[in-house]
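Structure, as structure tokens:
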Amino acid sequence: VSDDSSMTEQDDSDGGTTDSGTNGESGGSGSAQTVSIGVLQPRAGDLKYYGDQSLWGFLSGLAYKGDTDPPTDPGSGEITITAGDTEYRLLIRDTEFSADTAQTAATNLVENEDVDMLAGCASSAVASRVVTTVVNQAQIPIMLGPAASADITSNSDTCSDLVYRASENTAMDARSGGKYVARETDVSSVYLFGADYSFGRAVVNNYRDVLEAEGVDIVGERFVEQGYAEWEGLLDNAEEAGAEGVVGGFTVATLPAMFNAFLSGEYSYRVFGGFATRITNSVVGGTMQSVLGEPLTAEKIRDSQLGPFTTRYHWNQYDNPINDAFVDSYTSAYGVVPDLFSAGTFTGASAIHQAVQESGSTEGSDIADALKGMTVTDTPKGENGYTFQEYNNQARSAMTVANPIPTTDEWADSWGAAIMPGDPLARISADETTIPQDSDQMGCSL
Amino acid sequence: MLRTQGLTREFGGLTAVDSVDFELDAELCSLIGPNGAGKTTFFNLLTGTLSPTEGTVELRRDGAWQDITDASPHETASKGIHRSYQVTNVFPNSTVLENVRVAEQAHSDDATTFWRNVDHYDEFTERAHEILDRVGLSHRAEDLASTLSHGAKRKLEVAIALAGDPAILLLDEPNAGVSSESVDEIRALIEAVAEDYPVLLVEHNMDIVMGVSDRVVVLHQGAVIADGPPAEVRANPDVQSAYLGGYEPGSLDDDTTAAGSDRDSEEGTA
Amino acid sequence: MIVEALAEFLTLGELGGVIVNGLAKSALYVMIASGLTLIFGLMGVLNFAHGSLTMVGAYLGGLLMVVTVTGGTAPLTRLGLFFLAIAVVFALLTVLGGAIETTIIRPLYDRPPIYQILLTFGLTLVIEEVVRIVLGVYDLQPLSDWQAALATKPQFLREPVALGPVSAGWMSLFQILLGTITVVGIWAFLTKTRYGLYIRAGSEDTEMASALGIDVRQVFTVVFALGIGLAGAAGTLLMWDPTWGASVPLAAETLLPAFIVVIVGGLGTFRGTVVAALVVGMADAVTTWWFQNVIEFTGLPELVLFLVLVVTLIVRPQGLFGVEEVGGH
Amino acid sequence: MSLLELDGVHTYYGDSHILEGVDLAVEKGEVVALAGRNGVGKTTTLRTILQLTPPREGSITFRDESLVGLETHEVASRGLGWIPEDRRIFGQLTVEENLRAAIPDPDDVRDGLRLAFDSFPILEERRGQDAGTLSGGQQQMLAIARGLVGDNDLLLVDEPSEGLAPQIVADVAEALSKASEDVTMLLVEQNLPLALDLADRFYILDKGRVVDDGETAAVTADDERFRRYLSA
Amino acid sequence: MYHTLLNSPVSAETQMLLPTVETMVGVLYFGLFAISFDFISGYTGYLSFGHAVFYGTGAYTVILIANGKLPLLGPGTPFMLSLLVGGLIAVVLAILVGLVSFRLSGVYFAMITLGFAQVFYVFVRGWDYVATNPRDGPAVGPSHAEGFQIGAPGIDQLSLSIGVLTGDEVALLESTLSGTEVSYYMIGLVVLACYFAMQRVIHSPFGRVMIAIRENEERAVAIGYNTYLYKLGAFAISGFFAAVAGGLFAGFKRSASPENSFYFLVTGDALLASIIGGFGTLAGSLYGHLFDETVREFLSKAGQGGGLLPYLRALLGQETLDATLVGDTTIGGLIDLLLNGHASLYVGLVFVLFVLYVPDGLLGTLRERLGGTFAEALPAKLWGDSE
């Protein structure tokens, strides 16, 4: 392959605040050691925001380790961040949220760019495709995230010593939120809905296991196509089945229609599940405004019986110096607060740097070895907030449960949705959130 | 060669062909009758394009009669009943030669061959050229059929029908739109092919009909009203009033409104 | 299990609900298909951009409502504004349709229909991306329904209404009303004006029609423009229905059903389109009920339209009211 | 000035030069026959007048106005009608709709239909039938009727007797002859006796040029002038 | 050739314009699919809108065999045999679908095949047997970790593995061919063979009947062809090659999903390719797809080393990019807004312009310009050194 300098673009992020001045020309032969990481995230298109917050979190993680401000959004292409004596050359590729594109990009990174490891994947379909066709084939490690299906790290097909995930997964949503609802509320029967693909199925399966274990009745379970819109009949069924609670395992493509129908009808049950990203909050907030009327008040929201929701991470759920610094630098770099996926990818980056330091090597396989069982020091959930479990390389971390509230003035600009998570109702400690090694859902034992 | 018994075809309430008993031998037989008498429909029944409401069509092959009433058009065609169309119906974006060649090829066992180049089948091309010679179109062999003038397309119609060694030829107004000088050519052509094949000819040009036919059958409102040698049919008063009482040069000078209304009643439900 | 479900299905309340729901769906199908029928059925032009234009209509209609309606606007005023929005969108898209026809569709009439597919498909890509760019500027989510537009709906349209034992939504009744108006309007256009005749003559033989003094080009432009206008108007109607809603995928969601309705009805017959819309709408409502209550197969709702299509064509190869091909002479 | 005048008209199909300078004139009230062998360009001449195949060179004037460069429908609405050789009826429209499409003014529909049905009663019987299912001859009658019902000053008639039974040929002859009282006609007809009977004057076309013309009164169908150009 | 260009002074421009080798492999197998689509649609006039079913069948067959999920055929089955099996399954499928569909014509035919295809698509998406998450589609698992081999089955010396990561590397004189490049040539070989086979059929008596059917089916029947059988035959042949194309795709990519194999938009891409290339020209479809891919890649390779966006960024320089236009929009921001992720916009414009100004398609126009015989030889010539 020809010399990179003639073909790589100059990243347009030299705002002077980053110390990425050595990019390009150094070609890896400088005094510092270089780790090159291929980053796979959607960088354009309808779900660009997923990629934005994931990438920004990752960049923030490295910047935090290097004690600099996160660089402005590099789009896609190449960017270098230095932390300590290590230079991270990030080759960022747009996956277009498609497994095909991601596979092609990943293959390319491995084959032509000789990256030491991969990071990213914003959907479970993308993640499992990249793991099967590239990671396993080329034996190159990956730091997955924010793809959230628990399956990837609990299924023997995909889990391996090359696949690490700091980001939280659907089982963690269910274990935290499900337990909270079962123990702290009077809900004793639940109806589960999910989108009929890997993510939705994972959510439903995880909730079912947790809730049943807690003695909650599962009175029904339905899967629908992603984007399904005719909710009335289905919600009526849940009512007739005597559900006191309903869980929807959906993303922004389906949730608004479901919430719209739920809020428009008069149902006796409450809807709970996972707190989503800003875009879903803004759409759902819009739905609430349109159905409940403006202005939204905490009271209206409470009466609407939406919540409580688990959050994997939201900026206002943690109070510690690392998180404070993260929220500050992130907000000033990107104009918005860190979101649901940001802590996971921040931690992924933080863990990689920690592994490089611990192993003293830039080889992918050494980094992977070092990640094994690691407790990550610097994380938005506090010092030592994440620990990679030896048996499946999924990091466990604490989760919170919160109710939606109208967005406060403080965050109106940097959050931008009509609703936001309120103060945590409960915190679930890290060792309770993940699928335990001896559970029959854990198909992975490394 | 070909016979029908009680052949009938109805369209809704209209009986286009009305229990026709007809037999064609090795001869040139003309089928005439007013517009809408059912001639084209009769052709469509013989070739299987339409299926009859009642009655049978039989074809004699190797001395035995074979029922082909329910045969589909491609079956009748491969049994040798070839036709030309009243309204030009060719392969417009193929060359004139290809039009005939592909028709020639239809009657060989090689048509389904998909692994050999067509150029290996010289015999089709040669035969096609012969036929084009015969109808006087060889100089246009390489032109696309759509660029032919109307008259030339009529000749191509006949050429396609001639391809593939027909057992019986059904010609539906091969002369329509052919200029008077070519009429003679086509007439000669019809006479020549009638030497080789039994021909059933639909034609409104009485000079040709009377000149070439061995036998004339007259259809009126779907039914046969006369059947015999040309002279006899010409003399038949029914035929006279139903069909032949036509245009005479100079007749426009007299006021013929009366004659017109006369015919109306006879046209009736043709 | 199935028997029980059948018994429940056949109770007056359930069946009535399904029928009203089916009629409402039929009304929407008629709305989204009628523009296509005009253009595709009569002129033989396959307009793949139809769905995108419906989507544009939904956003435009939504925009008009969002700027004119405030929280305090009375329900009836909202309805009035809505009709106004439909009219404005119809006018705007008609003009747009005219422009599209004269600039890029016109050169294609004497070419095989396949080129129209490529061209209008290209148009779809362009329209959708432009919409995405605009939405990006205003920070709206292309994938999910535009909530602000949905919010302009008067409260009572969200509410149920009891028709005897049957409970239906006001929205359904409203949609049935609009569908009926559309059908009557188009029917009048086709039968009371000479356009219907001219379009059919023109699409069969352009040369001959123009030799009869018919300005075929103008007729085609008008019809195409009206077809696009209808697509837009349908979009505005869908903008208020949370089942559809203004979003970029609305383009694809409406295009296929519209094609299917036109084909099932039989090319060139507006009557066929209306009947097909009824058939498809009812089939949709029925399967929706079965899916929600009995059958778990998630692909079911997606399959209905195609099953209706396949079955209809197997039984009647030329569509419900299509003309059988004319035999040769 | 003549009603219709062609002067040095050259027409091409793609690269092939079909009309190589046609000159002819039709006076108001006349019936003019255009004769010639197959493929000499008779139909092309009519198509050129109608601007269906616009000329590359030469002038065509109708009532002192140039037709060149107009759209076909504009030519038609100036009072030119066409009865084409291959009928070109609208097969999927009914007989009546075919006729209606040819009548520009809705107020004239009744009269127009009457005229058509009087000339060809069979059309009245079949008024609701899809024109594509008519017999060949019936279609031809419809095509002629469609030409007659339009409010035209000049009719371009291409082989009207093709495919018609002798009896109907007489009907057609009569209908055309009657129509010629009001309408000027340019007539292409292979049936020479009929053509000469209907026409006042004739032109003979050969290889894209007018090679002869004259009064019909002075000739008969087997005149030497015709034989020279019409036989092989 | 490729490498020389990349190292030349115009390397930035070259990089921007030239598709990568990997794209070229895609052009080959998808081009074959487009050719098979053109074979039935362009030559008989029956638009096979559900053609993706056959492509998907081929792709899924290869992966299922490799994963040991097809009875009787173990994971070790030679790739060439898998291709054949996929092709034969497609033939059966084509005959079943065709038996019903060929009673219709025109748009009705197009729509009923589309209908069938969507039914298959929905079915495959929900069929748990093919993959743990059937919606995401199957990928070749550990039971077949090595690359798929193209060549004479059983004879290792005559076979080479394909795939970017799994392909064989071959030392050739001074340079080595990477796995991708080997794949390019091996897949090219199969595609070429298939193309010649279809070309053969078109020029055979059978092919002439297909054209006659397109030109005037009624008359074709009237001269004695049972067109129904001919159409079925052509459909089966076309389905076979579509499945081979799908198999090559799966063999190279080692994965497939309902969206990239069975979905109707896949047929749409083939349709675009064959119209751009020239409908009814067979080889044209390949060029059509090459063109389509090049345009898309040129417009969408944002930041991956080539393409228009990074080229513009580099060309204009940081200062120009930061210059503000109106308000706080910078030129860079505007370029980003208009270009980034909006490749479809420009692809769409290209289609529109294409239809308006290159109506006969690339190859069609070329043939028109150059005349018959030369144009016949041209595709084969261009093919040889199309890289």
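Note that the chains are named A, B, C, D and E in the order they appear, and that numbering of residues resets to 1 at the start of each chain.
Keep in mind that, in the parts below, a contact is a pair of C-beta atoms (placed from the backbone, for glycine too) under 8 Å apart; a residue touches a chain by one contact, two chains touch by 3 or more.
Everything quoted here is computed from the prediction, not taken from an experiment.
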Task: Those chains which touch subunit E and also touch subunit D - done: B, C
TODO: Would you pick out the chains that touch subunit A and also touch subunit C?
DONE: E
- [ ] With centres defined as the mean of C-alpha atoms, identify the chain lying farthest from subunit C.
- [x] B
Open item on the list: Suppose each chain is reduced to the average of its Cα coordinates; what separation in Å results between subunit B and subunit E?
Closed with: 48
- [ ] Determine the centre-to-centre distance between subunit C and subunit D, using the mean Cα coordinates as centres, and give it in whole Å.
- [x] 45
Open item on the list: Based only on mean CA positions, could you tell me how far subunit A sits from subunit E in angstrom?
Closed with: 35
TODO: Would you mind pulling out the distance in Å between where the CA atoms of subunit A average out and where those of subunit D do?
DONE: 78
Task: Contacts with two or more other chains, residues of subunit E listed in rising order - done: 126, 218, 222, 342
Task: Residues of subunit D engaged with two or more neighbouring chains - done: 133, 135-136
TODO: At least two other chains touched by the same residue of subunit C: list those residues.
DONE: 132, 298-299, 302, 327-329
- [ ] Flag every residue of subunit E that touches subunit A in the complex, lowest number first.
- [x] 3, 6-7, 11-12, 15, 20, 22, 126, 132-133, 135-137, 139-142, 145, 164-166, 178-180, 253-255, 257, 259-260, 302-306, 310, 313-314, 318, 321, 332, 336, 340-342
Task: Residues of subunit D defined as touching subunit B within the complex - done: 13, 16, 36-39, 43, 85-87, 121-122, 125, 133-138, 140-141, 159, 161-171, 173-174, 177, 190-194, 196-198, 221, 230-232
- [ ] Enumerate the contact residues on subunit A facing subunit C in the complex.
- [x] 46-47, 196, 222-225, 227-230, 233-234, 237, 252-253, 255-257, 260-261, 264, 279, 282-283, 286-287, 289-291, 293-294, 416
Task: In the complex with subunit C, residue positions of subunit D that touch it - done: 50, 52, 71-74, 76-77, 81-82, 84, 88, 90-93, 97-98, 100-102, 104, 106, 130, 132-133, 135-136, 139, 146, 150
Open item on the list: Help me check something: in the complex, which residues belonging to subunit E touch subunit B?
Closed with: 200-201, 203-209, 211-212, 215-216, 218-227, 230, 233, 237
